[in-house]
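Consider the two complexes below, in which chain A is the common component and chain B and chain C are the respective partners.
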Partner chain A sequence: MARMTSRGPVLGIAALYFLVPVAASLWFTIDSPDGIGFDVYSKGLGSEGLTTSLLRSVSIGLATVALGLLLMVPTTVAVALRLPKLRRIVEILCMMPLVVPPIALVAGVATVLSWQQDLATTPLYGTFQALIDRDFPLILVIVYTVMSLPFLYRSLDAGLRSVDLRTLVEAARSLGASRTQTLLQVVAPNLRQAVMGGAVLSLAMVLGEYSVASVLGFEPFAVWMVNVGDSEAQLSVAAAMLSLLLTWGLLLLLTALAGGRTRKTQSRRKTTS
Partner chain B sequence: MWAEKLTVYTFTGLVLAYLYFMVPLMVVTVLPAFDGLRSQWREAAASCGATRGQFWRHIGIPVLTPSLLGGAVLMFGTAFASHATAAVLVGGSVQLITIQIANALNGNVLAGQENLALAMSLNMVLVALLVMAVQIPLQRRSARWLG
Partner chain C sequence: MTVPVQLKQLRREFGSTVALDGLDLDIAPGELVALLGPSGCGKTTALRIVAGFESADGGELLMDGEDITSVPAHRRDIGMVFQSYSLFPNMTAAENVAYGLRVRGVSSRERAARAGELLDLVGLPGRGGHYPHQLSGGQQQRVALARALAIRPRVLLLDEPLSALDAKVRLSLREEIRRIQLELGITTVFVTHDQEEALSMADRVAVMKDGRLEQCAAPSELYDRPATPFVAEFVGTMNRVPGVVGAGGVVELFGRRLPVQGEAVFGAGAEVDVLIRPEGFAVTAGGASVVRVATFMGATTRLHVSTPSGVEVKVDVPSWEADGLVPGVSCEVVPHEKPVLVAERTLSPA
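Entry: the complex of A and B
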């Protein structure tokens, strides 16, 4: 009973703490000298800076997810099936981005990028130019892929642990499935939820990332949002509201996916017990 | 008026803002440990005559301590490493190592300080390793009760 009575106030204070700033931001965007107006949303959100930077962020995010999955799905499957001894090493490698703070990572990246001047006469100069292309900075895709490794690894590792992949593969092979058939029709469907979970988390990370992009001088959505605040504060906050909605949407999607997974494992547990 | 003094562009404001991403982090780290508290323990304690307070003091809190400490260490590491919030909220008015690194890289204060940025980054990595070295054993210790 005592728990019931203390739960309300605690939840109330937490709700106040989390909701008051959001409500204040919302009020700030619609409060104008002539009363309440939604001008910022109707005009500003269609502005060129917002759409280009948002599209840039989304394309960087999708490229990051694609590159990360291309790297991690074969790695984790290979480790689970063939190279269990390497598991520990892969895990440590993938957790490295948690040890190296993004700002320290970007210090190293900036140093590497500064080699460009010394390479001016070599063909590598063009490679560097492509890396720092303003509209689609490949370097951000690479750095974000490294930063998303922990998410992808954790999600894929949990997914692989929840199924007995080795037995499934052996069963498929003994039933006459070819190696590619096994990978595509047995392994892939079992990993779908883990892949989606890792991808959504990585995407949310990229869409909100500020430090790396701003230090390297690129302008994806988060950086644009901060920069535009200097001249158009209302638009900046309105964009923040938009990004909040976007991230919430992504995370809701993730929860829905995760919910599907727990239901499945629960029902599986019930049938086995 | 107290409202005139209330500003978030200070150290206090930074702490208040950091709490925003610390609370979810702590919840995610500590919730599994709370799930691991079995109702049988409470019942056993109650049937031995323990009050609710005694249960928490002698059983609940000791079992949860490793994961609470682990969560605290993890939060310290995250707060130490974060840059974006501080950069946007307080800019240069609160001197954090992450902001110093960004300034050195951008040449905001002095040009040609890339080496300094790298040195400070290495310091940050050392602190992060220290955090990991404390956090991983704590995590193992707390996992003992979750089986």
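Entry: the complex of A and C
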């Protein structure tokens, strides 16, 4: 009972901390000289650039998650199974983006991208063009993948530590499973929650990232919001509210996917007990 | 008749540590052989080489006469039960049992039938739909055994499968494993550091030390006629009592001349330690020895007796004969006239 009473104020303060800015933003978007109305939302959805930038952000986010997982799942599994001595080194490398400011990272990337003029007569020029394609800038996917490494590594490492991976892999191998079958049927399903956790954090980071995209001159959703905010403050905040809903929706979807099996198991347990 | 498993001069090193130093072992069809030894003796390494999880630096591993030293683990048709609970957490008990058949492309109907049949065999009918976290440790190991057997393996490997379980479950499961092994007639290699487990379950026990095989024999032979002082002292309880080798291959102990077992390594007059089990002595009331401790152990009572030479020996006597033998009572210790093993002296007589 005492625990409940001490929890209440803490939860209340935390709720206020998160909800007051959201409520204030919402009020700002619906309050107009003519009274309360949702005109800015109906107008905003049709405004130029919103849908394009939003879709661009989502596609960059999903590509970042895919590339990050493709890179990190085999790496962390290989380190856990075969090269445990390299764990510290991999951990330090993956944590680097947390200590290197994004602005320093983007300065380096901008320097590399500036080489394209010197490479205009070589086949590499095409590669540079693909990297800086305005509709789908691959360079952002690459930079965001690097920036998401700490989230992916921490999540996957925690997942790998929660299962006796070596024994599971050896059990699968002794039963006749090939390496691919072991990875897909035994390792991956048992890392699902860790994978989803890392994916959720990475996606949230990409959807809200501004500085790298802005410095490199691309316009994903966060940059579009700031740009439009200079001329239409209400529309900018309304877009921020929409992006908040979208992010929550995506996070809920991923969390539901990750927890699907757990819930199924729990319900089955209730049935059998 | 081909030998299901043959280890020939297997050698394995980890850096400067020699885990296996020319291990030779033949396992007969349908036999359960226990690899027994202290930590670091190489028993688990040997099992992992048979499973294909470790590679040998030298020697050969033959299965049914075929050299499988370089065959990968998933092509060996070997079933294995691990020390830690190794069930796949994302699969039900039935899915776990059927997994080996699934990767072999067996139809789902056949898989389900085989999984049900094996869950019945290990005493878990109706538990096929349970996930590993819904099963107790003993039940999980039963499912692991069923999973290993589902693929009809050529050899079953058990890597200390009972060590994580509590005493009661361990006892019942070891009887269950032996029953199933005999019922299926499957050739089995069982690694354990628990000698009671090894002696009670195995057809033969292979005692290992420093990567080498000390002796491989039936439990009774291992106990009664140990080949080396290490085996004698590792298996069961053993007394070391100083003695002197006499002429004609005998050793004098507490006034009796006992024949020395095995080859005559020590010449007449050599000072040795005589290895003799607690049940190798008789105790009678009255004499120059004194009972120091008496521990009731059910059918027998173990006495710690101080002899006039200052050596303390452990003696097991039937409890019904131990009534008057309480601490402080004088007694006489006399060895039975049976061959004894002698070893280089490590004790100095008082």
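Following the convention adopted for this analysis, the second predicted complex is superposed on the first by the 225 of 273 C-alpha atoms of A that agree within 3 Å, B and C clash if a C-alpha of one lies under 4 Å from a C-alpha of the other, contacts with A are read in each partner's own complex, and residues count from 1 in each chain.
We adopt the following convention: contacts are C-beta pairs under 8 Å (C-beta built on N, C-alpha and C of every residue); 3 or more make two chains touch, one makes a residue touch a chain.
This is a predicted model, so every value here is computed, not measured.
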Touched partner set for A:Leu175, first chain B, second chain C, both or neither: second
Chain B versus chain C as contact partner of A:Ala110, first or second or both or neither: first
Which superposed partner A:Lys43 touches (first chain B, second chain C, both, neither): neither
Chain B versus chain C as contact partner of A:Arg82, first or second or both or neither: neither
Which superposed partner A:Pro189 touches (first chain B, second chain C, both, neither): second
Chain C to chain A touching residues, read off their complex: 51-53, 72-80, 82, 84-90, 99-100, 103-104, 129-131, 133-134, 144, 147-148, 151, 157
Chain A residues within the chain C interface of the complex: 163-164, 167-168, 170-178, 181, 185-186, 189-190, 192, 261, 265, 268-269, 272
Residues of chain A that touch chain B when the two form their complex: 2, 14, 17-18, 98-108, 110-111, 114, 209-211, 214-215, 222, 226
Residue ranges of chain B in contact with chain A within the complex: 19-20, 23, 52, 80-84, 87-88, 98, 101-102, 105-106, 114, 117-118, 120-122, 124-125, 128-129, 132
